[in-house]
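Across the two complexes that follow, subunit A remains constant while its partner is subunit B and subsequently subunit C.
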Partner chain A sequence: MLRAILLIVRKDLTVEVRSRELAYTTLFFAVSCVLVFAFSLVQEGRAAEGVGAGVLWMAIMFAGNLALGRTFERERQSETLRALMLVPAPRPAVYLGKLTGIVLLLAITEAVLVPLVALLFESALLSHPFWLASVVATGTVGFAAVGTLFAAMLVRARSRDVLLPVLLYPITVPVLIAGVRATVAIAQPEFEVDVVRFWLMLLIAFDIVFITLALWTFEPVMTD
Partner chain B sequence: MTSVEFDEVSAEDVSRHFGRRRAVSRMTFRASRGTILGLLGPNGAGKSTLLAMLATLLRPSSGTIRYGTLGTSSGPALRERIGVLGHDLFLYPELTARENLAFFAGLYGIADTNARARAALERAGLDNRSEDPVSSFSRGMRQRVALERALIHDPRLALLDEPFTGLDDASTGALVSRLKMLRDTGAIVILATHDLDLAEGLLDHALFLRDGRIVEAMTAPDALRSTYRSVIGR
Partner chain C sequence: MPKWFQPTTLLCAALFAISPFVIANAPYESTMGLVQKVFYYHMPSAWVFLTASVICGSASARFLATGNPRHDRTALAAAEMAVLFGLLTLVTGPLWARKAWGTWWIWDARITSSLVGWMIAWAYLILRQYGGPGSEKLAAGLALFGTANVPFIYVSVNYWRTIHPATTVVPKLPFSMGFPLLFCLAAFYLLMFLLMKLRTRVAEQQARLDAIYLSLDEQA
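Moving on to the complex of A and B:
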């Protein structure tokens, strides 16, 4: 199973390095999103408290939706998702491989987004890098865990581009709330570790529940 | 994972509906090791749906498919013994021919994936293009790579949907030889094709399909074209 996961991740990264399609589009979209909000919300060099955290998570989720859609569109074009369903690796391995690829891709986007938001919104996001990295990582995994399952399920649906955000955003609202609240707490002048820990635990619980559910349901939903 | 063995594939009263449309209706047949079974019929006859069910990609709405004594629930161990060449080629255009084959060889648990991929490309006559991306290949070349992808793990059951599409005469001849070799090594080959001239002399058994039903079954079929005209046209 581990070998199959690694092969799928390596394949996805190789395809991405060759085409650079997803990295460029998600980065461009996320950075544009942050810039638009910065122009409108930052007045005289300052933004209201907590705005930076909200903008960061909104950019992550919008970019994530874009990345999820395109990743599975690639698999649909040559019906390679069907080929992956035919291999003897357990089907959850396919899910985990795709999930890992999307998380890595979003990590690249976030590596650009976090300092950009910190700079433009004069937010102290980087004052506690370990906690911020933990919150962003667990939030991204939770969002991508739900998104990977839905994107795979919708790969043959005609209106998949519309349906994916319609299904994805309501279910990942807890990720958005926990991510924003934890990030706001991290950027506070007086760092409240208990608050951050509470939201981080919620994100970890979300990840465990939804990855378990996805592993359980991936095989039946992918067999017509 | 324990590899499974089976000597025949059988379908018993198999149907598949998509909503109210019946794509496959109560088909019963069997195919044994060392034989090539052809599925012949016009577009929409149910050939691809039947192949998808045999490949475990689709569940029958009713009826049973068995691989020897095994059912479709045997999962990964069963899939390890099935090779599928679909109407779509199941190849990543951004990857090279060798990378595509090595990727799938790895997923099938083959140890030396690059050596297996190179050997497959040599068989396909594409060893000099192994490091070129598949997107730069012609349709016929892609078809040859896709065939090698389907057979890279030496499957017991080979399911081929229109395998002659896009092939020139030389490649077609090579494919016919390859299919005969597969039969001689004890594989079960089931192929869907419209090319009756090529099927003539290649098939050990033929099923003529129309509107999701088997309308005629022949063993050691000859005069396929006239039979096709009489059973499909009637």
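Moving on to the complex of A and C:
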């Protein structure tokens, strides 16, 4: 099982390293998002307090949506989806492999996004790097866990490009709320560890419940 | 249609026709006055919305587990009920809130989770409408996720603050207010039941028609 997951991740990474399509497009899109927000929200050189956290999470979710749609679209276009489904490994391994790939890709994007947002919105995001990394990591896993399942499900559906955000955003509202609240608490001058810990626990619970559900539903929804 | 359907429809129509008089006879609430009467339609529609969402989620889970299309038809009908009664809830709520709290909308836990739940029910219908063949399974997955999501939305929003009346208010209502509430609850639940019956029947007939077409194609 673990070997199958690693093989799928390696396959996705090899394809990505050769084309760099997803990394470049996702990163560029995420940066453009942040710029658009900066132009619309920063007035007279200053952004309103706490806006940085919101912008960070919106950029992650928008860029994530783009990347999710694209990874499965690539499988469909090169007609490798059937091969992926025929892999002699349990279906959940395919899901976990794809999920790991997406999370890695988003981690690269976030490594650029966080300093950029901190700079443009004068937000003290990096004052507690350990807590920020935990919140961003758990939030990304939660978002990607739902997103990977939905993107995989939609790959054979009509109008999948439009449907993915329609389905994904209402479901990931808790991730957005918890992520933004925790990030706001981290960036505040007086750091309240209890608040951050509460939201982090909520994110971890969300991750566990939704990965378990996705592992259970991946098999029936991906079988014709 | 079964024999009981027509009389039950008449009964439901009668309940709704009488309900304004029952509500008008209920006493005025001491602080909110007339506007509190929205409550007699607001709470039943919210309950029906919640019930329909739960039916949709559990029927979807059963559909995913067994593959029986009957559960899928139930889930579809329940999702449509959830969208309809959710809309009623979300319209009557602000009407009441404007007078009672002085604002149309508040990001309170119950309101926000209702809104998101309603959006998920709507997304379910959009997926079924535009997803093409095979979308019923995908929609079932979505319904399952939507149901699992409710506690998370609730907890996350509740951590801000909440001013919604607690559910413990309802059993303590005096009879003069409790009776109209129960009356309206009965009317709304009966309406949901009838509409769902109708909707699943339409879906059943569609499935049968499709099966007939297919068998004709095979013979030709």
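The rule is short, and it goes like this: the second predicted complex is superposed on the first by the 224 of 224 C-alpha atoms of A that agree within 3 Å, B and C clash if a C-alpha of one lies under 4 Å from a C-alpha of the other, contacts with A are read in each partner's own complex, and residues count from 1 in each chain.
Methods note: a contact is a pair of C-beta atoms (placed from the backbone, for glycine too) under 8 Å apart; a residue touches a chain by one contact, two chains touch by 3 or more.
What you see is a predicted model, and the numbers here were worked out from it, not measured in a lab.
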Which superposed partner A:146 touches (first subunit B, second subunit C, both, neither): second
Which superposed partner A:163 touches (first subunit B, second subunit C, both, neither): second
Contacts of A:178 with subunit B and subunit C, given as first, second, both or neither: second
Greater residue coverage of subunit A in the superposed arrangement, subunit B or subunit C: C
Subunit B versus subunit C as contact partner of A:11, first or second or both or neither: first
Which superposed partner A:217 touches (first subunit B, second subunit C, both, neither): second
On subunit A, positions contacted by subunit B and by subunit C: 224
Subunit B-facing residues of subunit A, complex: 3-4, 7-8, 11, 14-15, 18-19, 78-80, 82-90, 223-224
Interfacial residue positions of subunit B with respect to subunit A in the complex: 1, 55-59, 75-77, 79-80, 82, 84, 86, 88-95, 99, 103-104, 106-109, 133, 149
Residue ranges of subunit A touching subunit C (in the complex, touch as defined): 146, 149-150, 153-154, 156-159, 162-163, 166-167, 170-171, 173-174, 177-178, 181, 198, 202, 205-206, 209-210, 213, 217, 220-221, 224
Partner subunit A, residues of subunit C touching it in the complex: 64-65, 67, 116, 119-120, 123, 126-127, 130-132, 134-135, 137-138, 140-142, 144-146, 148-149, 152-153, 155-157, 159
